[in-house]
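Here come two complexes built around chain A, the first alongside chain B, the second alongside chain C.
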Partner chain A sequence: MKRYDKNGPLALVFNFVFLLFILAPLVVVCLVAFTDKGYLSLPRDGLSVRWFVAILDHPEFVDAFWYSIYLALGSATVAVALAIPAAMATARYKFPGRGLIMAFFMSPLMIPHVVLGVAFLSYLSSLGWSGTYIGLVACHVVLIMPYALRLVLASVTGMDRSAELAAKSLGASKWTTFRRVTIPLILPGVTGGWVLAFITSFDELTMTLFIASPSSTTLPVRMYQHITETIDPLIASVSAVIIFITMIMMIILDRIFGLDKLLVGK
Partner chain B sequence: MNRLLPPYLLNGPALIIFVVMLVVPMVMTFILSFNSFDFYGGIKPDYGWHNYLEVVQDSYFHEIFLRTYGIAIAVTFLCALIGAPEAYILSRMSKTWRSLCLLAILGPLLISVIVRTLGWALLIGNNGVVNEILIGIGIIETPLKMMFTTGSVIVALVHVLVPFMVLSVWTTLQKLDPQVENAALSLGASHFTTLRRVVLPQVMPGVLAGSLIVFALTASAFATPSILGGRRLKVVATTAYDEYLNTLNWPLGASIAVILLIANVVVVMSYNRYVEKKYAAVFD
Partner chain C sequence: MPPFFLKLNLVNQMSFLSLKNISKRFGDFVAVEDFNLEVDKGEFISLLGPSGCGKTTTLNMIAGFEEPTTGAIQIDGRDMTHVSPNARDIGIVFQSYALFPHMTVAENVGFGLEMRKVGKQERRERVMETLELVGLTEFAERVPKALSGGQRQRVALARAIVIRPQLLLLDEPLSALDAKIRESMQVELRNIQRTVGITTILVTHDQAEAMAMSDRIAVMNMGRMARLGEPFEIYEKPGDSFTSNFLGSTNIFDGEVQDELEGQVLVNCSDIGLHIPGSAAKGARVSVAIRPEKVGLVQAGKGIFNAKVRTRIFLGTCWAYQVESDLGSFNVTLQNTGHSVAGEGETVGVTWHDDAVRILAER
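Up next, the complex of A and B:
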């Protein structure tokens, strides 16, 4: 017996409407981005890429895009570099305060981003780090650490240790074992954690809004500032570019890890 | 060498960063919330409960907190209402369709909330797509005013957050044994009864966990209420933002942030305790 689908027609209609609800706003952004008019409208008289070309005349968006990329690269790398030893400690040792330390590293998930924003704003300005790259990276690291740690920890916990023991018994030093055996084995989890951390940093708006300065504006912050002044086809085309890039990344991630596994972290 | 040293050394770098970049700023914000502020002298280093009293006594802030938590309850309820059935439908789909639908539902989580909110602004704006279509087919003549209403904020937040609900229920459903459902059906229970008395009790922990995430994220949402609610429909997060970056009354903004944080933590903790107590059997 081969059953493709156990859902009745009513359930399929529900599913269709649900998907429509989820995708409509994103589809509309992409459609409006291709308008040939000078104002917001659907491209009814023909498609045009004029608003995509227009992005290039607005260096503030291009600069913000690159700043976001540098920021996410730096923060995700630092977060993963901190997460690997922390995950090794949690997965392999029993020590007083283990659960507490883990809860501490996961706590940024429970703190509203606006609260982190106000805390970092006064802290960075008292340190004299406002709007500096290093200041923004430090704040983003705290914010994205839970995402990196969750996936790295899952891969360290799930790792088969017999290969490590074999390497050790064959005379490999601790460091060599870690570098040539452990790291390759946990690499999928580390990569997944890094990518998720990168995306979270790249997308973050609320907290960054408080700590960004005109010279360190990320793309979401730049877009927010633009939208609060005016909503035009330009902002739609910038958004469409983000949607296209995210879609490509998503399909790759789904092929490698499975999107639900990546987001649940198991 | 002490046997206990390695785990602390391994945790060390992350612990240092977290103490310097999380504990210190949070404590400083907490202290700042007790300082006072005046428009000429700026922040004064004195201590008192006046900022908290102002928030507790001023009806302006009552309205903001009531609106925020009202929106949070509505969004949570709607997410459970549409997210849980969707997860159930997904679990009964063929594998190919399911992974395609999951990709479409979870994918938007990776797209910045600002893009998703912009989508709603383009849909429901005065010369947005919905009005364009409704006028085009002659149902209405003047555009409906949907931007800057509480309803639009709720709908957009449901859109932004419902993937978390689907994900949460979906994870619970995967642990379910389909044979139990088949047993109920073969013993003569109607489909509806099976859903209500067999499936629903077992996915409730997933629904509750999802509700928790959605509630906490809605209560602290900033971008969506700020863009779709406009300046008049203030919520707690946008109020804290205004106090900090427009009025420059940092102590008052800090006290609003502290209240928001404490409210969130209390809700999450008590909810967790309730769920663990009530569904202890399911988690074991």
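Up next, the complex of A and C:
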């Protein structure tokens, strides 16, 4: 049988150019990280890991890294915990204001992060939460909610509800049904939503710049501050480390769930 | 016919599941209207009807997934109308199987027992026992994804009956299967139901399936019960044109009652006089029905009237004719006996036994 799923030469060239376009900046950053010079440059005269070692001399980067991890962990978890009931309610029931609630949850996608940053800054200070972990988590939850919600919603919508009915008819209570049947069935969407939310939170700079304090500085904010003072390859080596960690995470996720499934919430 | 009070008494004693005047409305839409059904213990009943006739809604009300707008549901004398589904002790097999994809076959089947806090040892025994009943013992540790459609259906059935429910509900359980597997599953399902002796309600739109499996069939149309009875009885005496058409192909003609004799009426259909058993008022307009397999074709002039063969299709076990006559066009099915039969364009005589013709109620 003839196979029709093969790309023609033109499509292959296009794919290659497109991949190059996406990947080139990452490759350049990784190369620059290995420079032996004191400024941003490609390592022409020889490779060096001095800028990786230099990260350890800057504990503020390491602290910021861990702070970002904790912040993203907390925010993604809270966002998903809110997204599950929200998705189930909007996917399964028709009630007045349903569209409004969805639009409200999705709205952070459409509001410029600068505006959000300014708004949250005054909001947090009037709450007395400025610069606190809880304050940052609250703001990040709002920001990453659309990502979590969309994937959870996709899996809740695509789920066969008769499995829940079957569980109920077999004697399971509402909570047991939710725990034993619903959650396992929507788990790919929940995981995918969590991962996207985590990455978005970890990566967020614009809004966090407004609300972070010296005691609650995330890695992107720290990097931004660093680069406003000096431009040295330290930024490149930090970026390379992040790229490396992300890659490892993606490979693990792909092995467990399959990335293609995860990122569409199936 | 027994006096009405005796009959009532009988029904009350025997009925295991009883649906009393139940109705279901969704907003303005009436899904089920004034539905009554009494089911005996161990009986196999089908709710048969086209899609949208309210049969699935009725099933959902019995299962507890929907609450009736009015009316009451009793199981074994207990009022169940407002009892939640997890407390009804009903096994359900869904059209989509509704297996838990993240559990093995054994875990799926054992789920209901686990909910009933049955100990691990006994659970295992009963699961294996039931899997043996449906012939899937060697698949116990597989996940549903690794099974064929028919096997999944069996797992769903095992999961529903392992809890020994007082009632088994089957919601179009075979419609997702291939025709061949469907037929063998019908026999198997019926055998299992008889072995276990469980009262069963089957929802289906497939009249052959309903007739093959049920003790009694409740034909539903537009939210109401159209006819209730044993398969043979309602096939032979459908009562109205909907039931007649839904249970099988039917030729229906309009006629006028000319005379009423002893248990027989003379009906004039397009100037052809037909003697039909039954009773009707003189001068009434009636519908007359006859099934294609009860019509015979003979030499022209030797039948009740003559007709011209328009099309003839060979189907192996039988010939399907369409003939044109003064009565209009109608279908005839002749058993293939190995002899050649009238060809297209020929004029033939049409004949039947008088008692094969039915008068249908006007709707």
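Simple rule for what comes next: the second predicted complex is superposed on the first by the 228 of 266 C-alpha atoms of A that agree within 3 Å, B and C clash if a C-alpha of one lies under 4 Å from a C-alpha of the other, contacts with A are read in each partner's own complex, and residues count from 1 in each chain.
The rule is simple: contacts are C-beta pairs under 8 Å (C-beta built on N, C-alpha and C of every residue); 3 or more make two chains touch, one makes a residue touch a chain.
Remember, predicted model here, so these are calculated numbers, not experimental data.
**Q** Would you sort A:T206 into first (chain B), second (chain C), both or neither based on which partner it touches?
**A** So A:T206 only meets chain B here.
**Q** One more residue to check, A:V28. First (chain B), second (chain C), both or neither?
**A** First partner only.
**Q** Going by the contact rule stated at the top, is it chain B or chain C that touches a larger number of residues on chain A?
**A** Counting contacted residues of chain A, the larger count belongs to B.
**Q** Looking at A:S215, would you say it contacts chain B, chain C, both, or neither? Reply first, second, both or neither.
**A** A:S215 contacts neither chain B nor chain C.
**Q** Residues of chain B touching chain A in their complex?
**A** 4, 6-8, 10-15, 17-18, 20-22, 24-26, 28-29, 32, 82, 85-86, 89-90, 92-94, 97, 99, 101-116, 118-123, 125, 127-129, 132, 156, 159, 162-163, 167, 170-171, 216, 219-220, 222-223, 226-227, 236-237, 240-241, 244-245, 250, 253-254, 257-258, 260-261, 264-265, 268
**Q** Using the touch definition up top, name the residues of chain C that touch chain A in the complex.
**A** 63-65, 84-92, 94-96, 98-102, 111-112, 115-116, 156, 159-160, 163
**Q** Would you mind writing out the residues of chain A in touch with chain C in their complex?
**A** Going by the criterion above, the answer is residues 160, 162-163, 165-173, 176, 180-181, 184-185.
**Q** Applying the document's contact rule, which stretches of chain A touch chain B when the two form their complex?
**A** 3-7, 11-12, 14-15, 18-19, 21-26, 28-29, 32, 39-42, 81-83, 85-86, 88-90, 92-93, 95-96, 98, 101, 104-105, 107-108, 110-115, 117-123, 126, 138-139, 141-142, 145, 199, 202-203, 205-206, 209-210, 219-220, 223-224, 227-228, 231, 235-236, 239, 242-243, 246-247, 249-251, 254, 259-260, 263-264, 266
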